[in-house]
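You will see chain A twice below: alongside chain B first, and alongside chain C after that.
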Partner chain A sequence: MDSSTSVALEPLLSFLTFSFSKLESGFYRIPGSAVVARYVKSSHQNDPGRTILELILVIFAIRTLLQSRTRTDRSGKHFIKFSEKEIDELVDEWVPEPLVQPLSEWEQKDLSSVPIIAGPNGPKPKLLATGKIVTNLASFNFAGLAGNEKVKERALETLQKYGLGSCGPPGFYGTIDVHLDLERDIAEFLGTEASILYSQGFSTISSVIPAFCKRGDIIVADRSVNFAIQKGILISRSTVRWFDHNDLKSLEDTLISVEKERKKRKGPLTRRFIITEGIFERDGEMVDLPKLVELKLKYKYRLIMDESISFGTMGRTGRGLTELYNVPASQIDMLVGSVANGLCSAGGFCAGSAIVVDHQRINGTSFVFSASMPALLATSGSEAITFLRNNPSVLLNLQDNIRAIRAVLEKTEGITLLGHRASPIIHFCLRTQQQSFSVTQPTYDYEAEERILQDIVDDSIANRRAANAGETFTWTRDEKAAGVVKASVTRILSKRR
Partner chain B sequence: MSRPSPKLLHLTVQVPADIKGRRRSGSIVKVEEVGGRTEELLDRSAYLNINANWVNAKGAWLIHVVLVFMGKIIIDTIPGMTQQISWTLVNLIYLNLSYLMFHWVTGIPFDNELHGGAYDDLTLWEQIDDGAQYTPSKKWLFTAPILLFLASTHYTNYNPWLFAINLTALIVLAIIPKLPQLHRQRVRFLTGDASGVSTPVTPSFPKMDQNPLHAANPTDARFG
Partner chain C sequence: MTLNPPSPSPSIFKEKESLSQLLSITTAVSYLSAIQRAEFRARTRDNPHASPTPALSLSSSITISSEDTVLNEDDENNYLTNPHTPPTSEQVFTTLHAEFGHCANEAYRCVSKHDYTKPFQEHTIEEPPYYIHLATYISFLILHMLGHLRDFFGKRFIKSHFTHLMPHNGYAPLNSDFDSFFPRRLKRRMDDCYGQPITGVPGRTVLILDRYSPDYNHTQIYTGGKTRALNISSYNYLAFSQGRGSWADAVVESIRRYGVSSCGTRLESGSNDLHVSAEALIAHFLGTEDALVCSMGFATNSTFIPGLAGKGSLIISDELNHTSMRVGIRQSGAEIRIFKHNDMSSLESLLREVISQGQPKTHRAWKKILVIVEGLYSMEGTLVNLPRIVELKQKYKFYLYIDEAHSIGSLGSRGRGVTDYFNVPPDSIDVLMGTFSKGFGAAGGYIAGSKPLIDALRLRSHSVPQPTKSTLSPSLDSSIIVPNESAEELSGMAPASMLPTWINLCPSLADGSEARVRMRRLAFNCRYLHAGLKKLGFIVYGHASSPIVPLLIFNPGKLPVFVRMMRARPIPIVVVVVTYPATSFETGRVRLCPSASHTKEDIDIVLRACDEVGGILDMKHGSCERWGIDEVCERAVELAHSV
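Right, the complex of A and B next:
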């Protein structure tokens, strides 16, 4: 059997030897082949294993050299390369869409239900549509400064003296002496060294955060901070750690875990910040300031507190949580507040030590790149501070009203009140129908809930109380308003059941 | 004064698909991607990266040959040096120094204000040509150690141990870090209890969320 296979293979073998010898003679006729042959022979060094490894390396290197260049990181992973035919097809199929989609029925209703006020804003505005006078429960007019005569007088004087606009950013001819006066007034009012004025309330906190927090710094923030703070944190590119809403135990755990992480990584010590709000815009909870300051001092963090809602409403004269809890304002490193909400004017401020404030004159983006506020708004703010200093009874009134409304609304069926009992912003939400014994997670049908709330609002307006589906209620004169709301709530919810 | 808007409640944030492995895992070895987030990509495209552009310059290619040549000559002057040890030393020193320069050190040593730390997680190799693969400079840097190795095995006769050392050093220090599959990947050992983006909830955190305000939680997604 052996001989038969070898007989069969013989012509194949002879063909192979013949072709090899032909190749060899052909190879040696190429000029320079002798050099290559000598090189390979001396490289080989009679060790076939190494030669094979080296050959693999050479093949790998040649393969790498022949690959074509790929795209860079930043050109996006979602780039689809269409062929010419596909591009032509897509272009032919294209039908231009309208610039603005037509509104759905719900959106149309939503839009038309926003009340338009004829005349000046104030606690009792007149509706344009019906001409009725309604009580405005949905504005941030906490101390009644909205229609205040003295403030208006002062504003008119300022308008006649300075004109309207300030014509520039504060660093570039836009600073007027009234701005400096307001900054000084705010600093004196709060008891800090200095303060800096921003022309828009939203962009105040989202400029303060990136001015101090940079990439590599650590921010420990509450989960329910408002949108402006979230944007500020995003812009700052710092590392964020979140702690549960208004839960100081969770905050302490987070602070400890951050320190452990840093030790484990043996990283350098970077700046660390705690960011929270005085009264949360989302649900009206109030933070426990003395405990917070104690934690901050123990773990050596800086505190940025956004007192947009609590400045001008809390404390004996409206100085905010620092007055309420009797904590010196120098304990809070950056105290951010809103002149628009608390003082019924416009803009925001950041109060702190002189260094903190001076740093923001160059590094606060909204301070550098946005126009400063008109002079008359600055004097309105100063006038409002004087008003608050001289009339602390206004805030007692506010607390009475809050208590009155909460008392009525708490007894209303179908809704739950959120937030701290002294918060001037009252949030309520629809109590979900499911009991707490159900195993599955309750699903929230936002659209349906919004419709219900909008119906409540419309009903209240029909009964001469303007409200708003964003569920914020503020200063009002009597319990009748709350009673009307309660009646609307019960009416609408009973219809739905 | 701001107008209260009904839409303020619904803050939904898209979770990007490239958030990888933030769960706790007990693995010994884990491969993690770095530097892929959108903010970092945006920050990197703001200015030219002169820390990484020099490899495209003339002379940056030739300098490898010149340095190796000079290194070999200097090492050869040491008394008692054999060819094997000399070539091994040249090879190893070249591989180690190029690994240190291209694959160990991260970030940019200057101009921190321009990029704001966007390159802090990237080695020089990953910064070259904005992360494109198989560019001319990368091909040269890939080929240079291989050529050095082949030259060294040609001119001396290594004993098996030295050959193995040289080959392993080449593969581990020069070839594997330069592979495009390992672009921006990091191998982590025994990470264990790495704290992730969101803190674990405390026992007092309400399981059934009573307030729909908290339902769309914007925190777990994009930050940190």
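Right, the complex of A and C next:
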């Protein structure tokens, strides 16, 4: 029995010895293998336990390398194993929430109170619901470009030649010569090297910020920047430090503390950005641009400034804050503005150096992945710039109107006017009793306050004036309109008390 | 064979003074086109609503502006502007051949519809031979090595070129050289293939502005010349983006009446009656309760998705979803899981896992699950497996969001997208999103669904309530309305009461026959091109009836060469090539988008060009049975109906 097995195993054994010797000679032929062999031998002699330990280490390393690097929930420690039947039961039991919560009564009212205009928008539009002609203090028509015949004429010509849609993203035959013209016009108007055109205002800044600010970069932003900027900051994943609203002292403190932190950590130099608005959409405050530029240069930050409101409204010819303060636009690294507001067309732009602009042509998500704007809107924008260049008196008129309306509203009881006195958007808020008495932070009932404001708005509309919750915009000189707003405020507030 | 970007030579299709040409009408074709123009002018004048002065300037502006599009009398053989066969007296074409090809042959029509007798065509990926993959990897390796070498030496010896990549003067570099490596070192080599400016209507043909680069694509210099090329790249699927025609007249009228901008957001005095009727029309067109419009397609996704899901919800997204959706999903704050592209079994196993496991760590049940897919994928040409996904939806109770950016207006027998194609009732899908910039030839986007959903989105989405930021669909809605209507007419049941009274549509648009013809021409062109390329031996991705036909090239080096060779042909053709990061590393491709404006002869020309260029570039690695190019062209109808 024994001998027969040994006979049967003989060829196998001889093969094993042969292959082992072959392997050994092959191993020693590798340069440097002798050193490894000596090391293994000596370590095994000194401490056989160590060999086992090292073997385990090698196996562990191989396992780690082979493991997939993606998130594996199935093997995670929180993963519970279920049988197919249990999963079916769980699936049957699961009841999802409705996709959206139905609107509350208040929201319903809010939605139905949105004014719908019949026909063109302008200083005196007609409301669809009542058919009344109202004075419009709610639209972004600062330079009175809505319904401008020249713009219309140019748009019509463009339509005949270019059709309507551009039918492609800028990279893929969606760049039309009129887009290049408008980009050049904007850059020349502002005095920057170049500019880039986005097809929607909201998406402009929320695309510009993540194009430059990446993970690990530092953003120092104003506490009450508008929603689009907040979204852009959110998506950038950078480290954000906030400074007090429109308080450049607070900004400087923040910049100093960031620098201190960096020195303490001895971290590498990262990109640093200051993000703020020219005229704040939320309350109409205006930033002190020369001081801001001074700080930016002193602490070596790059400045992203949203001029959505101030472009087309401020300065002698509407070039925005840079013209108003006589600061060269090239001092602002990324100057973002709106073609929709200031030029009464659509879209937005970012102006800056050629490097800044070119970088966005491949990294600005909403530029790269969206169809470019229709040709007729681009030519309307160009025409509007020509209009602003040739008619500086329009903006003087705008300032007159702002002064007139503010003068009336300032005298109104129960409300406080916010914002800079030259701002083309005028916000007012309700003056509350608590504010004057308590030193502690007053507790606001936002919803109640909104309701009062909405009532004021509704009341104004009933009196043939369209306005907006808590904010008023102006183009036409109409002190009577301001008077009506004043009367509405007084009436509603007296009802509430 | 010139593989370099074209040098500044005068264009072969010279532009001449059109006014003088109009006086010397020589050929029958030019006579016909002159009659058409006269007719058009007469129609504009007859329009009782148009004011007299602008009408005059309008007709004059046509003569001037049509300089680019008018027939060129000198070029008798100019295929692109003159029809191949002159039309007979019975055929009346109201479009310019250069914008919308004249094609009277009824055989070249198809109906875009899913055949339920056949199983759903799964997304199969045909693999090329191994050496192609190997060559692709090696090309990328060489490109990377060269790029890094140039960076290494450049940073040391030509510092002035690298200031924005290096810390200077206390500022960190504006963009890290790693982030910008791809555009600087890889894309720049083929920059002449991207961002090519055009002028005029992006219809059947397009005028590209000639340019050349003296310094390896760092700067582009425009020569001032223009070249007319066959356009197989624009998303103008139904060719509604035209400078003339009944819909263009309606847009003209709407600009006259409403101006260009709506001057405000929808909630703040920016809404007008046109928005309201556009929304009603879209809802009616899609068969949903309500709809809303947004001024930009990208923003429709990126700002409305956060209004649908938030913390405690889960969003399941296809791995190849468009960036706009990814931005929206990231902003929403919901958990995100990804499933394999269009793989329904992967989706099902993922659903089973997430529903049984609940939220991570806490194991609480999800508030809701939103599955986000595209109807037609813009880079792959694949169609979503809608029947299966609707089945899964019933079983797993998730909400379904379909982005129909490319499929709306281009798929389905009535142009209503994937629901129409698969004949699935639209109310079985919770959220239907789409754009107007493609099939409808306008701009903007929409979301359609149930009334409570749309109302909630109107108030709660990101872009709508934000002051200053999102002037919604300025005046363009008017233009949206028009193509919509015409598409609406596809079903032949547009209630006239839904349209503004001042819109006068010509009879063929009003009864939907025009749109129906366009749909059927588009369906034929797509199927013919797709099947033809396969028969020629190319590897083509996507669904047989998709208007996006991706033709695989693989090697990065061949991409720019393909574009340049197509552009340098006797009849120039403009094509789009895409590679990393829009697709995966090894699957660089050409994306062809046939439209309703192409004639059968145009598709023949594209096929012939691909055949020749593809032969030179060694692109034919398909495993399908092969035909010669002549056979493909002859048996076109058979090919189109075989799929």
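Keep in mind that, in the parts below, the second predicted complex is superposed on the first by the 385 of 497 C-alpha atoms of A that agree within 3 Å, B and C clash if a C-alpha of one lies under 4 Å from a C-alpha of the other, contacts with A are read in each partner's own complex, and residues count from 1 in each chain.
As a convention for this text, a contact is a pair of C-beta atoms (placed from the backbone, for glycine too) under 8 Å apart; a residue touches a chain by one contact, two chains touch by 3 or more.
From a predicted model like this one, the values you see are computed outputs, not experimental measurements.
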Touched partner set for A:R316, first chain B, second chain C, both or neither: neither
Contacts of A:V91 with chain B and chain C, given as first, second, both or neither: second
Which superposed partner A:K249 touches (first chain B, second chain C, both, neither): first
Partner chain in contact with A:S380 - chain B first, chain C second, else both or neither: second
Which superposed partner A:Q160 touches (first chain B, second chain C, both, neither): second
Partner chain in contact with A:D110 - chain B first, chain C second, else both or neither: both
Which of chain B and chain C A:N341 touches, first, second, both or neither: both
Partner chain in contact with A:V100 - chain B first, chain C second, else both or neither: second
First, second, both or neither for A:K214, with chain B first and chain C second: both
Residues of chain A contacting chain B in one complex and chain C in the other: 73-74, 110, 121, 138-140, 201-202, 214, 227, 234, 340-341, 344, 346, 468
Of chain B, residues touching chain A in the complex: 1-2, 4-6, 8-11, 36, 39, 41, 43-45, 116-118, 120, 129-135, 139, 142-143, 146, 149-150, 153-154, 157, 163, 167, 170, 175, 180, 184, 194-195, 197-199, 201-202, 204-205, 208-215, 217-219, 222-224
Sites on chain A touched by chain B in the complex: 39, 42-43, 45, 50, 53-54, 57-58, 60-61, 64-65, 67-74, 110, 121, 138-140, 201-202, 214-216, 223-224, 227, 230, 233-234, 237, 239-245, 247, 249-250, 253-254, 257-258, 260-261, 282-283, 340-341, 344, 346, 416, 418, 427, 429-430, 432, 436, 441-442, 444, 446, 449-450, 453-454, 468-470, 472
In the complex, chain A residues that touch chain C: 73-74, 78-80, 82, 86-87, 90-91, 94-103, 107-108, 110-111, 114-122, 125, 128, 136, 138-141, 145-148, 151-153, 155-157, 159-168, 170-177, 179-180, 199-203, 206, 212, 214, 217, 226-228, 231, 234-235, 269-272, 281, 300, 302, 308-309, 338, 340-341, 344-346, 355-356, 359, 361-363, 365-366, 368-371, 373-374, 376-377, 380, 466, 468, 471
